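When the chains are written out, they are named A, B, C, D, E, F, G and H in that same order, and each has its own residue count from 1.
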Amino acid sequence: MREPDNVFHLAIPCRDLDEAQEFYVTRLGAKLARRYADRITLDFFGDQVVCHLTDKIDPRPEMYPRHFGVTFRHKDDWDRLVRLAQARELEFFQEPMRRFEGLIEEHWTFMLIDPSNNLLEFKYYLDPRMMY
Amino acid sequence: MREPDNVFHLAIPCRDLDEAQEFYVTRLGAKLARRYADRITLDFFGDQVVCHLTDKIDPRPEMYPRHFGVTFRHKDDWDRLVRLAQARELEFFQEPMRRFEGLIEEHWTFMLIDPSNNLLEFKYYLDPRMMY
Amino acid sequence: MREPDNVFHLAIPCRDLDEAQEFYVTRLGAKLARRYADRITLDFFGDQVVCHLTDKIDPRPEMYPRHFGVTFRHKDDWDRLVRLAQARELEFFQEPMRRFEGLIEEHWTFMLIDPSNNLLEFKYYLDPRMMY
Amino acid sequence: MREPDNVFHLAIPCRDLDEAQEFYVTRLGAKLARRYADRITLDFFGDQVVCHLTDKIDPRPEMYPRHFGVTFRHKDDWDRLVRLAQARELEFFQEPMRRFEGLIEEHWTFMLIDPSNNLLEFKYYLDPRMMY
Amino acid sequence: MREPDNVFHLAIPCRDLDEAQEFYVTRLGAKLARRYADRITLDFFGDQVVCHLTDKIDPRPEMYPRHFGVTFRHKDDWDRLVRLAQARELEFFQEPMRRFEGLIEEHWTFMLIDPSNNLLEFKYYLDPRMMY
Amino acid sequence: MREPDNVFHLAIPCRDLDEAQEFYVTRLGAKLARRYADRITLDFFGDQVVCHLTDKIDPRPEMYPRHFGVTFRHKDDWDRLVRLAQARELEFFQEPMRRFEGLIEEHWTFMLIDPSNNLLEFKYYLDPRMMY
Amino acid sequence: MREPDNVFHLAIPCRDLDEAQEFYVTRLGAKLARRYADRITLDFFGDQVVCHLTDKIDPRPEMYPRHFGVTFRHKDDWDRLVRLAQARELEFFQEPMRRFEGLIEEHWTFMLIDPSNNLLEFKYYLDPRMMY
Amino acid sequence: MREPDNVFHLAIPCRDLDEAQEFYVTRLGAKLARRYADRITLDFFGDQVVCHLTDKIDPRPEMYPRHFGVTFRHKDDWDRLVRLAQARELEFFQEPMRRFEGLIEEHWTFMLIDPSNNLLEFKYYLDPRMMY
């Protein structure tokens, strides 16, 4: 268990703030906490993601080494997010799939790509010890 | 408050796994969860950071747009981490300082740089509404 | 998640305190916290509702823009309240129904009307991100 | 203590959505959860407030019988919000004051007025039994 | 929800401390916290029951007005205690039964009698609002 | 720590329901959950106390073996209740005092007597291990 | 319920630190918190186990009187650990089994043996009162 | 943070059950959960310690490699236990002291020895990251 009162903080590049707000708030369901001329700050599943306006956009994003997201403790939370991503036609970088079947590291995962080419991964592990 | 059972997940580049383990576990006090040939996974203040072995290291890291860390709810948690970083001589990318004094966004912050040039920021806001 | 120690506070008009206590405490299952000559205060599903004696009663209440209630995280809490409202013959302003089927905003809802024409809505969303 | 997983739900009138978002999100520090053509939904201190576009604005709001807000369990949360309201020059309907001094009902309170004439009250009681 | 850090405190009469310890600790599964010459103190399902040595034993206990026990939030906790009481042959003052069927006050209940004629009631309500 | 979802349940004798409601709700700050012809049920500091109408009132109550109340984890909760009892002139059966000074069992305590001669004790122990 | 902020602390003998880290971290899924020349410290299912380098290894370990482990509140946590132990071929000192069937003390259990002959027991009780 | 619903389980040798109960329950303030002919089970600061009757008593206990206890998150919990141990004249194997002053591993500690020569250590770390 993690401390419910603290917040993980992640800053990512963003080429357009309106576009980022559309992706994260209107479609993905994050909440807009603050908006400034050069950034928006988000309550992203309980943690903080900040989208900084920049021209340092990764033109050809790859799965490794950079991506971020949430690992859910319960499978139905992962399922509901798959449903949301499909219903609202978010762009999948990787379709929902099961990985490492039969191993203790077995998990369900999918990846989205945001309008600034940041990759988001959402996971569910069968064995909660593997969440870390 | 965030959900204590879920985990934020962040993957970052790393040029050497031993070096990363030395920085994150031995010195910063994160916990080693898993070690594979190409990555180590960490319990980083209750969330998950994964260091992926890669040669895509940022040669000239800048504060924006990429960094990550923790925003603490209580000031003494931030103070203790400053003390740890100083006592164990971690490299500061930015010394502990107070920012936006007098504004509601006022906060205490410092930034570290890890051996693979990833930037870590640790913050404490006077007004908890600003944590997001 | 919200902070369990704080309390949302709502003051509403009421034409008769006994009648309000009968509706909220005896029938709906809220708890009477305090009673004064001009108001009763209620522990309403963990938050505070205060009924102020007044003659400013809305003669023709409409669904928008004013109503209040609880959005439950778990469906069985919503189901039990439907059962209570039906068994105790509370007056429905809108019968239990499913709204926005197929959308991520899909939810179950019903509305009650109290003796002072205040409207109460109780909801359950399939996707907890839509509770806000 | 209230259930941290449920959410209190309040719908209020609003004459202009941009103006409401400016007041609640940019200045008061609530979070924007969703925005539609006719409403915005807010994460308001952990509960949900929905601002519905309407022309039913109360031209002469009075303290009773309608207002809403938060009763904090800890005084420093109340103090911080006073500081925010003053620093950001929110309009006070009633200045911060101590009420019922010497009685068990003694509490600290202030009231704000939003651009659509809704009244917000934020309180702190010395005796937590009086929060309800 | 109640405050997990506080403890309800109940003192009851007891004609023999060994007998009381046998009933509450060995058979019912409470924990012995302290033992003095004139009393034993128990961690009774998380609250405190103190058995005071006395000759004021009620010779003909009746269901009303005095009894005590626990109301469980989840039915399987009630079920497990029924199983324990039956397996260990505790004396039932009233067999497990369903009361007020069809009403919102509907609940499952049984009563035990301890060796000093104190009555214990354990309940489960279908509607958690009725636990108070 | 005790389970926050369960409730301790205590039934006590009561000679007059209005008088009991006046004592427990209006003056002591408990909440009225339900009222029937022969009983009132209370949310008493998070647990349930039921006052049953009866003529079995104890004419000469003594401290032992029967009394009930709350043991607080934090001293300021005990202090606030002393303040309430004094300000509202509740009848003390025993004035606030410190008992067993110097021993590990040392605690602060006071006793009230309700209109039906039930004794209530409220305590605070310096060493939380002694709460049981 | 136990206090989530405190940590149980157990020091055990270990003949080789690498071997211990392999067993506890790589295979059993505990986390490496700290490593010194003479010990490793582990986050072992939320508590702390310290493996001290020593030659005091028990050559013929027996089930009693020394062993340690975790008693899970929910059966699926126990099941998942059985699956992990089997999939990763940890050495069982005692195969998964049901003990005391039909008694209230009935539980599921298995024992592992670590490379330094320490015995680990993992249990699940049908009646949570028996966890202590 | 650890999971409040699970329990750490430790079995230790004991030469005499009455003596062990006297030490752990009567003097140290643990609770007796169950007593059998060959063992007593304890609620030891929220976790489970089982004392097994045996003649395998360590005649010359040393600090390493075997001892157990609790690491407290808050200093006043450690202080209160020092006070209890001194007031009730428990035998110290090591007096209360500060260790590793100036290092991040700095902590307060003391060790007790039980009648069967088991060593108990109670600690408080200035930096909570060092609790593991």
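The rule is short, and it goes like this: a contact is a pair of C-beta atoms (placed from the backbone, for glycine too) under 8 Å apart; a residue touches a chain by one contact, two chains touch by 3 or more.
Keep in mind that this is a model prediction, so the values were computed, not measured.
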If you check the contacts of chain E and chain H, which chains show up for both? F, G
So which chains count as neighbours of both chain B and chain E? C, D, G, H
A-G versus F-G: which interface comes out with more C-beta contact pairs? A-G
Write down the chain pair in A-B, A-D or E-G that repeats the interface of E-H; the criterion is over half of the contact pairs matching by residue number. A-D
Distance between the centres, which are taken as Cα means, of chain F and chain C, whole angstrom: 31
Roughly how many whole angstrom separate the Cα centroids of chain D and chain G? 50
Just how far, in Å, is the C-alpha centre of chain E from the one of chain C? 35
Among the residues of chain E, which ones contact at least 2 other chains? 1-4, 31, 33-34, 43, 46, 77, 130, 132
Can you give me every chain pair that touches, using the contact definition above? A-B, A-C, A-D, A-G, A-H, B-C, B-D, B-G, B-H, C-D, C-E, C-F, D-E, D-F, E-F, E-G, E-H, F-G, F-H, G-H
Report the residues of chain F in contact with chain H in the complex, numbered from low to high. 1, 102-104, 126-130, 132
Per the touch rule, the chain B residues reaching chain C in their complex are 1-3
Parts of chain A lying in touch with chain D, wherever the complex brings them together: 25-26, 31-35, 43
Touching residues on chain G, where the partner in the complex is chain A: 4, 29, 31, 46, 77, 80, 83-84, 87-88
Contact footprint of chain B on chain A as seen in their complex: 1-14, 31, 33-34, 41-43, 45-48, 52, 54, 56, 64-74, 77, 121, 123, 130-132
